[in-house]
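First the structure, which I've put down as structure tokens, then a few questions once you've had a look.
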Amino acid sequence: MANRIGAIVDHMNSTALSRNLLVLQDSGWIVTTFAEVRSRADFVLIVGTETNSRFPRFAERLIDPLDSPFSDGPMQRSVVYLGARPKAPADARVLDCPTNKLGEVFGALRCLVANRPLQAVRVAGLDMEILNGLADEMRKAKYGVVAWAAADLDQPHGELIVQSICGLVSDLNETTRFAGLPLGGNDADVTANQVTLWQTGLPLRTGFGRGVPEYDAYHFGTDRLLAGRNADVLLWISAFDPLRLPPETDVPTIVLGSPAMRFTKAPAVFIPVATPGLHHAGHFFRSDGVMAIRLRKLADSPLPSVAEALTAIEQAL
Amino acid sequence: MIINGVTIDETFAEAFGMRATRLIITAANLRWANHAANAATGFATSVIGCGAEAGIERELSPDETPDGRPGVSVLLFAVSGKELAKQVERRVGQCVLTSPTSAVFSGCDGEEKIALGKNLRYFGDGYQISKLFGSRRYWRVPVMDGEFICEETTGVVKAVGGGNFLVLAASQMQALLACEAAVEAMRKLPGVVMPFPGGVVRSGSKVGSKYKALSASTNDAFCPTLRGIGNSELSPETGAVLEIVIDGITEADIRQAMRVGMQAVCAIGAAGGIQRITAGNYGGKLGKYHFHLREILA
Amino acid sequence: MLIRLKGGRIYDPANGANGTVRDIYIRDGRIVADPGDSARPDQDYDVSGKVVMAGAIDMHTHIGGGKVNIARALLPEDHRADLLARTELTRACCGHAAPSTLATGYRYAEMGYTACFEPALLPTNARQAHMEMGDVPIVDKGGYALLGNDDLLLSLMREGADQKLINDYVAWTLDVTQCIGIKVVNPGGINAFKFNARKLDLDETSPRYGITPRAILLTLAQAIEDLGVPHPLHVHGCNLGVPGNVDTTLETISGIEGLPMHLTHIQFHSYGTEGDRKFSSGAARIAEAINRNPNISADVGQILFGQTVTASGDNMSQHRNRKFASPNKWVVMDIECDAGCGVVPFRYRDQNFVNALQWAIGLEIFLSVDDPWRIFLTTDHPNGAPFTTYPHLIRLLMDKTFRNEQLARLNPDAAAASTLGSITREYTLNEMAIMTRAGPAKILGLADRGHLGIGAGADITVYTDHEDREAMFRTPDYVFKDGELVAKDGRIVKVTLGATHVVKPAYDRGIEDRLRPFFARYRSTRLENFAIDEEELCECGSSRLTVHQCRHARVA
Amino acid sequence: MSQVVLTLRASPAIVVDCSPLTPDRLAGKSAATIAAIELQSGNRRLPAGDLFDITGESGDTLVIRNACNKLDRIGAGMNGGTLEVEGDVGAFLGAGLVSGTIRVSGGAGAFAATGMVAGTLHVRGNVGDFLGAAIAGDKQGMLGGLVVVDGDAGDRVGDHLRRGIILVGGNAGDYCASRMLAGTIAVRGRVGALPGYAMKRGTLLLAGAAELPTTFNDCGTHELMFLRLFARHLAGVDAAAASFAPHGERVRRFVGDRANGGLGEILITV
């Protein structure tokens, strides 16, 4: 439909998602997926504060199990949490540093890993000796992993932190194996980006106003479009989560959403829709962007799916 | 033609097309600019043995240099652009880069460009820094007293080499004094250098030699000690001959320098023991440029 | 509805037609016999004098799946420069190095291609690959499932599992991933890279498992043979791109012990170490080995100059190649104890010695392999060049004068190091029909594709015979897909959905009991959620599942 | 000297792509022809005549009056001539400028001078983020030329800058000179957090102290002669930002970003 009417396609999470995407577009990365982490990782650095609350099963499924097809006994796995008072288990090793300093911490680690001398004695409140120990541990890991949730790096230009993480990972692969693990996938953000990419060749924040796809990572963000009043209608789709309400704006808003949505300001049009994976089948990409999961229909609903609603709207245009 | 008792021969100096560039060498003070420039233009008397002919054109005041420091401009000449490039790189690399506080810039726009800092920059071992201001690229090469700044390229122009005149005098000292006066006057002019030590040369040469290995040998016709043998060009009164060789950017530059030089010699005149001024040529068959002495002085 | 193509010159090597003039009749999407004078065609196309071939088949082209989408994500700047505008029929999208699925379908169809096979479908990523291929309009699709670096197979081999069990695992993989063949990429190497090995030679034992690539190849090739899967094991060998790998490739050919094997993008595996730059052509030795071993087939993976992106499961090689990334950005992934992937943008330059020689090596192989039924026209899209360069490549093969003109423009040292200039062969239209239609259909076991016999699917391309073969093959007059006119004069006139081609060898379902615990413990998805069924495939955009016969199904 | 004057009648509802309106592209065109040029605005195309009053005679100067921040891509891809803008402008001002001069009396939006190749861009007011920076996916930002901003600049000035000079007379935002590859940026006012982040090469010249990333190393105070060359090169530029030279050649030199092995320099005048 966006193609037909010349709309811009964005996702409610794409500010966070773009922190990863911008790095992918600029330098690329070395990343891994869940099963590899679970079976191989002997060192895991978890970056951010909310990883465990955002992804409650992350530690339980991937970090805690120590059996591995590649080791004859239980694995040894070092786990370190890094961030502004990260929510970590009580006995976890935690390095506390403010989010806006993470880029510098990874920068310092890159220097240490590559034996580039630094004058600084402390970085982001962390003694260089602590960082040196961490760098040493990383170099000695056989398969190390740095996991981050882009949503946690919630500050302007957060992609620069991600880029530092990926730079460190890349450096470490000169001598050992190391990989990044971007965590995300909420509200089908990864899914939306994957589909937009393969159908158009460009990621989210692509518009069709010119009759050709046009990608603008900066200006085509929903918030910016609304703030600059460079959109005259907002179509907000949230079939999964009734709590994800459209941003408050005086731009006329149409909502395709869960019937459980409760608005403080009623949208111009509200079309209740069915929930994928409950009322109809669908697909959903997991965080790592590799595994697509089939969502099955479990119950009947009188409501249309988002696809049915959009098709009906398009046909009526 | 006789001026102040000095006979000007009806002859001409024969000169050749060359390639030249001008470099501006600056330093913390004139003294160090001169050190670098002298070394860079040293051992550059004749392309035959030195690969280049070069000399200091003049000293420059701070407001005449790109970096606002005192400097000198030097002219370098060679038989081809390729040879010039080789000589410039070698001389600047060994004599300017090495010299305390120095910097070097192109002083010559020419369409053809040769490397100046383009390859010397690698001395910086990866720490060199490029700066492009307008159309000019400079290299900053870290060295032990700070940074050596060197423009990326310098222009090459067509030039003229081998302008000359010979001063015939009653004695060696009289010839030398007259030539010193001439060189002093000529050095005030732009666009020329006198590449021999002090601007004066005593070993005028002729083409060929009895020895097969040599392509040139002493100009016996002008050697006073050979006056009695064979085809001497010297009259019995002539005790010594000295030559001033001039390389210039243009034909006009050389003409002007020869005029000023010969006038200085003539000013001393017969009273100072000066008898005659003549010029070296190869019968006009080898060089493209002919500087007729009488025409110049007319 | 009856359609008649009247008076065309038919190039149908599978049925022995080499320029034969006859009419073709189409009814209900299939080619039918001449219905006689009484039947009135509903549509009549006068194609007299024109060249008529079956729709072309690209048997090795990376059109969908995770790595292609990573390539798309990596290169917005490349895509911005090649935009396809929305039309009444087609949607706005982007082309070039890693074109969108939509652009892929439109452009293949416009060039007269009607089927494309994705050669690196990670079982873990099969669902995404089928979703993407489902969004490639018009053309038929199929995939080769990747095995040979998965910890499951290697564990089975290490435990000394018998061939029967492995055959079941292979057949199960084909079944649940909905594929038509099995591919192995850098056998054991991708897995070894996860243990920090940076190379793995044919007879080197892998870390942890102690298995050689040779053993992996033999095991999988034997499985394919035992299961009767028509397409031979599709092999991307060891040491891709490494000078001297011609020896590895020749060893691989002899090491397969006569079993059928398809060597893919063989150009990248045909390098010697002679000369000042320690890089030389091994094309003659490779071509000779192919000519001598009828069990071997190959596609070339020709490179052509310009910007592209290399996307491969071989992350060991791609990590090595990152130094040549242009622009300098690249992705390497380890994936789910299953496989890997590496995406490295690349710009092949005609003045670069190595690139120029790579170009010549590919053409030398094309022109030195005698049997066009065993050599296939590919650029390993997009690794050697985007598929949109095929018409140019066809002209290089069919026009010696043009080829030598191009050769003269290359890095002169590379041109001097190649024998290409002395090769006089020019492919004929019949040979081109073999290489791009009949041959791929035969080697994939597609009974009703790649030919124009009675009963075949009416995938038909009609060209104007033009001396400039590039112009001829770029813009066919008509392209029919299952009897529907989908492109005319190089423009899409109808957008349809293509089918998915698969094989379903028989196997013992009991294998799942063996696999289930491994999935439950070590993989992040349950076995039950792994399988893709026909219904899901059609939800993803496939028009139908076409199951092809295995040569001989050994009943479990 | 003949010139065309386009006077914006009213601020358009949705940003308008003004890239077709450059002196070189309008050369020799009549007012009627110019009025018929279609401009993209969101998913619509509007004739220029619907937005602008068009007067004057085609020449090598184009004047846009009453401009506002809804006018995007002014001077984008321009190749020659002079473009004078009275008022503010939107995003992508002078993007890909090939040659010529653009002057804006007001401010500009984000990504001004992205992909600029040569020429001069002078903004009297403030500019948004990503001045002279690369757009997503591009490995290189501005490629050459001179950009002068009299006011403040936003974040990420010169991100991926490849060549050329950016002068900021006021303050610059966070991550000034991030990922810079080469070229020169000078800021007379203050800079925000972490200037030079992930810098590879190039020079960031600052008039005052700044909070540098810890991955920059101090190389001490030096007199750097090239700054004189820089000052002389800017001698003719009519802007406070250009008068960096009076600060002298004595600077404290920091090198980084060592995180990625960078050898960029941040020079702080002392």
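Quick notes
When the chains are written out, they are named A, B, C and D in that same order, and each has its own residue count from 1.
By definition in this document, a contact is a pair of C-beta atoms (placed from the backbone, for glycine too) under 8 Å apart; a residue touches a chain by one contact, two chains touch by 3 or more.
Note that this is a predicted model, so its numbers are computed, not measured.
The interface holding more C-beta pairs in contact, when B-D is weighed against A-C, is A-C. Subunit C and subunit D have Cα centroids lying 47 Å from one another. Centre-to-centre spacing of subunit A and subunit C amounts to 33 Å, using the average Cα coordinate of each chain.
Centre-to-centre separation between subunit A and subunit B, using Cα means, comes to 71 Å.
Across the assembly, subunit D contributes 136-137, 139 as residues in contact with two or more other chains.
Touching of two or more other chains is recorded for residues 75-76, 80, 328-329 of subunit C.
An unclassified topology is adopted by the chain contact network, corresponding to no line, ring, star or complete arrangement.
For subunit D in complex with subunit A, the touching residues are 13-15, 40, 42-44, 91, 110-111, 129-130, 135-137, 139, 155-156, 174-175, 178-179, 193-194, 197-198, 213-215, 217-218, 257-261.
Partner subunit D is touched in their complex by these residues of subunit C: 75-77, 80, 327-329. Touching subunit B in their complex are the following residues of subunit D: 144, 163-165, 182-184, 201, 203, 222-226, 228-230, 232-233, 263, 265.
Residues 3-4, 21, 24-36, 38-40, 61-62, 67-70, 142-143, 173, 176-177, 179, 194-195, 197-203, 208, 211-213, 215, 281, 283, 285-286, 289-294 of subunit A touch subunit C in their complex.
Here subunit D touches subunit C in the complex through residues 136-139, going by the rule given at the top.
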